């Protein structure tokens, strides 16, 4: 794709944040708080896309790293008065170390087994958070966490918090794009195509996978930290299996093999589920919770059946097909081993 | 000077001994051919050399270092590159990206410099790209650099594999039947290219005549054991070889 | 001694529950390659169906049949509507589809039955059975009997019947099975019917112990899966052995380490098994591959 | 006006973002500087002015004006008073959520039949937070954005504590049904937050008082492994530290567990003279059943108020008989004497609730009281301004609810005390005051 398109795509992405913010309050369900959570989820999901789409590792324990970030921030700031930004970095270091350890242990297995090993890791951490009360506050959780502050700038309002989160999402996507479009990214795609050949070309497969797994965990840690500082209270239930599944849903619906999968998935899912939540009572009187659950499940199944590349992946694929058909696309998009496209930029 | 030395290299699969007590030594010049009847253990020997399979016993020494049991990527970084009998291209990636994977073998910049686009990353990328483009030009692949590797005709795909191996800047090139499935003209082109490269090469080949013409030295493997070792002329005259291999072929 | 025995008895009862759920995972995984995250929901469907019927005055045997029927019918429909069309999709897509099915079934159950847990009494009333100082509830005896029955019936089905052998063939080598004229599509449907039917029956038998509620599925599914993995994820009998082992491990952890950490320990066992011995802790001779 | 303001603002943001150069990832921080404060004021304005707009027709609204005009002698007129109800209609705490929803909708209907609040119809906006902390936050915000003058809920401790920051910055009066003391304590830091369930410490000390009469000193505690159980563990650890009771062991179980015999054995083996269970159904009745039916434990067994109601009896079956539950009088609403100060309130609530839904729920009373407190405070304030309602709440004096007689002050945003809870037991499947 030529550079004006590429630039337009990025500009559109950057502007999507302020545009969403302008909609907040206009659309009944789109509160500013929901936008903050949307951005936080998107950020964690970008990391999951890297882990799953590019390192090819199914993770059902992403919330564990989210928890590490949140608890590092919560404990260090509320308990020891550490400045939030330092706590955030500490959370990243801890999550990175944990991810490296898990990755080294877990990459001996693959496929379903890997998914289950990450799931087990997430559950072990979840139960431990509830058990070791003196450190974590136990099931009752931990409050009194200060708002995020960088120097004298404080994210006291939702608007500030959202813009900060969105900036981090943009930055996160940029970093992910850089990695995908680098030696490591090529090495991982090569590994997907032929592990033996990649090894014989000097690709250290394990190191590349561990590296991406750690990077993906860092996204989750930052997201967790943002969550802790936004809500100012953390408790284990926020970081359980359901959260991991939520990240997985967002990333998969968005498109695992696209660095845009996180934000696209988060926006689409929130809009879709909330809009259907608004719409159901128009048809069924007094419909609440249970209907939402059912609709959410159905939407998930249908989206997965219709777009098995995810939405961002599907768009990129369609764009590429169009480009090929017209013969006007000089630089074809790369694809990974399973034939799913690895777009370098999204179609505007 | 010795480039590669194996001592008592052995590989057993269950009850079958695919490579049996193989001890060879390669200097750092010229083209050596490894020949033998089907199932003689040539490809297994290759896999043992470059670390794809761990040996049951014996050692491999490459450029003065014991690399026995080392993973392939470490041996590759030391300077051993290979191609595959059944092509192992990264089919969906472009030809240039295929070659750049090889060209990245010696780069040290990791995920961090890539993520942050540090100057290190830029210079790395530039170096890898320049080297790749040079190799592509040299092998006449410049025009197809941006096409997905799997879109190319078979002969060109063979050449892309060779380019990818060369891009790692090898000290030793292992070619596993590089002419398999090629027409006579294409095979001659590849032979010419291999000659021109000038990197020490160990080549497994089925076309006995091509090999004899191309090689400086010939190793003959039979039932996993080294049967003969010498110049093409010496090997051709060796009665054991004639009986085990050439003779059989002649009869066929 | 009596206390140790009590932990063992408790553990085995838990384990029998996990085992029955694990069996369903193995059946579906072997034939279709899918980890069916919704497995626990079929158990819930069976339990809820039975509880509704029993409350309406239907006898236990009829409630049992209905539980099996409803669970298997839903399982069959799900296989045709949601699983079959996604054949060939990536692992994560398949996992997510089963998760989506699980959420949907959960929501539907909430709509149909509401939030409150319900229960009926043990199949046979009476005081617990005494075993050398350890108490074993009457319903636990029923659960053990049911587990043994399912194990035996499965063995007979897989080893002695044509359909069972076809299913095993399909699990071992789908291409070869296809050449033999075995339809993998039909086998996938059969595996779902069988696994969800067993889940429905299990739910019905468990109601006196666990109560029945719309959200009972997931925790049991997680442990059933753990049981299946410990058993190597290839054989139903392995899953049963894995379930019993997991139950005993959990009860022992609660008794001798900390009841607050028992689940962390149970999942640590899963993690260790997956990382150290992905082929499963138990490779029983008798545990023929499905 | 607000809409135009917001459109202009959106335009400004877009421009700010466009002005930033390059690929634009630096754009967002730049644009974060100027406008944020205005947006929030905009939202707050909207909250006050847009209540009457038909476009904000919320989900799960109970019919507001309709019923009132039909039946009421004093027809409610004017803008409805919007009260948000943020509860757990799905997820792990949905058992409570259902009872809460029933109670508030029932009371709202009664209020509207009686002429509404301040002569205006009461409109409830019931939202489901799915027992999810994130949802608890966004749903709270949503209610505030839609113009709720007060909020009932959330219904559990973690959902309330997660929403706390939003609640505090919104400033509207909130009455939670969560159990944790941290919801209302210290009131200075929680100026607009109240809660209806009794403190865990109050329940625990009432149980200890009862034990003292029986000469019981050594206690084993078994608590569900979630925030609810943690609040019980904390309360008992404090009592033990103060020397009021000896704790021989603390055992935990997961909310989804189905067998607690191992934990019960440990406690019995440690020499407990009584076993205290801190859990809600289905955990609490399972503990009782395991102890009685599986293990034949004959120790006295105490339960906190969470064990509540018909579910305990239904799920524990015959084993329920003899269990001791510390609870508000809601479960024995039809057994209190006419001289009981709560008699009238209990009869009104009990007959209405059981008349509509059959069995009484132990949780329903908390939501009933939450809405009742807010209604009375608004009436007293004569206004729907947050400060006025809060001031009225703190000045209610003795408010006779169904959970107990609340004395809310600026020092105590909970308000229940000694005498509000009674020790109940089950006899033949029916709740009775214990000896």
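As written, the chains take the letters A, B, C and D, and residue 1 is the first residue of each chain.
We adopt the following convention: contacts are C-beta pairs under 8 Å (C-beta built on N, C-alpha and C of every residue); 3 or more make two chains touch, one makes a residue touch a chain.
Everything quoted here is computed from the prediction, not taken from an experiment.
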Q | Number of steps on the shortest touching-chain route linking chain B and chain C | A | 2
Q) Any idea whether C-D or A-D has more C-beta pairs in contact? A) A-D
Q. Of all the other chains, whose mean CA position lies farthest from chain C?
A. B
Q) Could you name the chain whose CA centroid falls nearest to the centroid of all protein CA atoms? A) A
**Q.** Length of the line joining the C-alpha centres of chain C and chain D, rounded to whole Å
**A.** 36
Q | Interchain centroid distance [CA atoms averaged], chain A/chain C, Å | A | 32
Q: Please work out the Cα centroid separation of chain B and chain D, and write it as a whole number of Å.
A: 73
Q: Specify, in ascending order, the residues of chain B that touch 2 or more different other chains.
A: none
Q) Mind pulling the chain C residues that touch 2 or more other chains? A) 107, 110, 218, 258, 260, 263
Q | Residues of chain D whose C-beta touches two or more other chains | A | 90, 94, 97, 225
Q.
Applying that definition of touch, give me each pair of chains that meets it.
A. A-B, A-C, A-D, C-D
(Q) Using the touch definition from the top, list the residues of chain A that touch chain D in their complex. (A) 7, 10-11, 14-15, 17-19, 21-26, 28-29, 31-34, 37, 127, 130-131, 133, 138-141, 143, 157-160, 163-164, 166-167, 170-171, 174, 230-233, 235, 237-238, 242, 277-278, 281, 286-290, 292-293
Q.
Taking the touch rule as given, give the residues of chain B at its contact with chain A in the complex, in rising order.
A. 50-52, 71-74, 76-77, 81-82, 84, 88-94, 97-98, 100-102, 104-107, 109-111, 114-117, 121, 124-125, 128, 146-148, 164-165, 168
Q | Footprint of chain B on chain A - complex, ascending | A | 175, 178-179, 182-187, 189-190, 193-194, 196-205, 208, 211-212, 215, 330-332, 334-337, 339
(Q) Quick check on the complex: what are the chain C residues that touch chain A? (A) 29, 35, 82, 85-86, 89-93, 95-97, 99-108, 110-111, 218, 222, 225-226, 229, 258, 260-261, 263-264, 267-268, 270-271, 274-275, 278
Q. What part of chain D is in contact with chain C in the complex they form?
A. 90, 92, 94-95, 97-98, 225, 251-254, 256, 258-259, 261-263, 265-266, 269, 281-282, 286, 293-296, 311, 314-315, 317
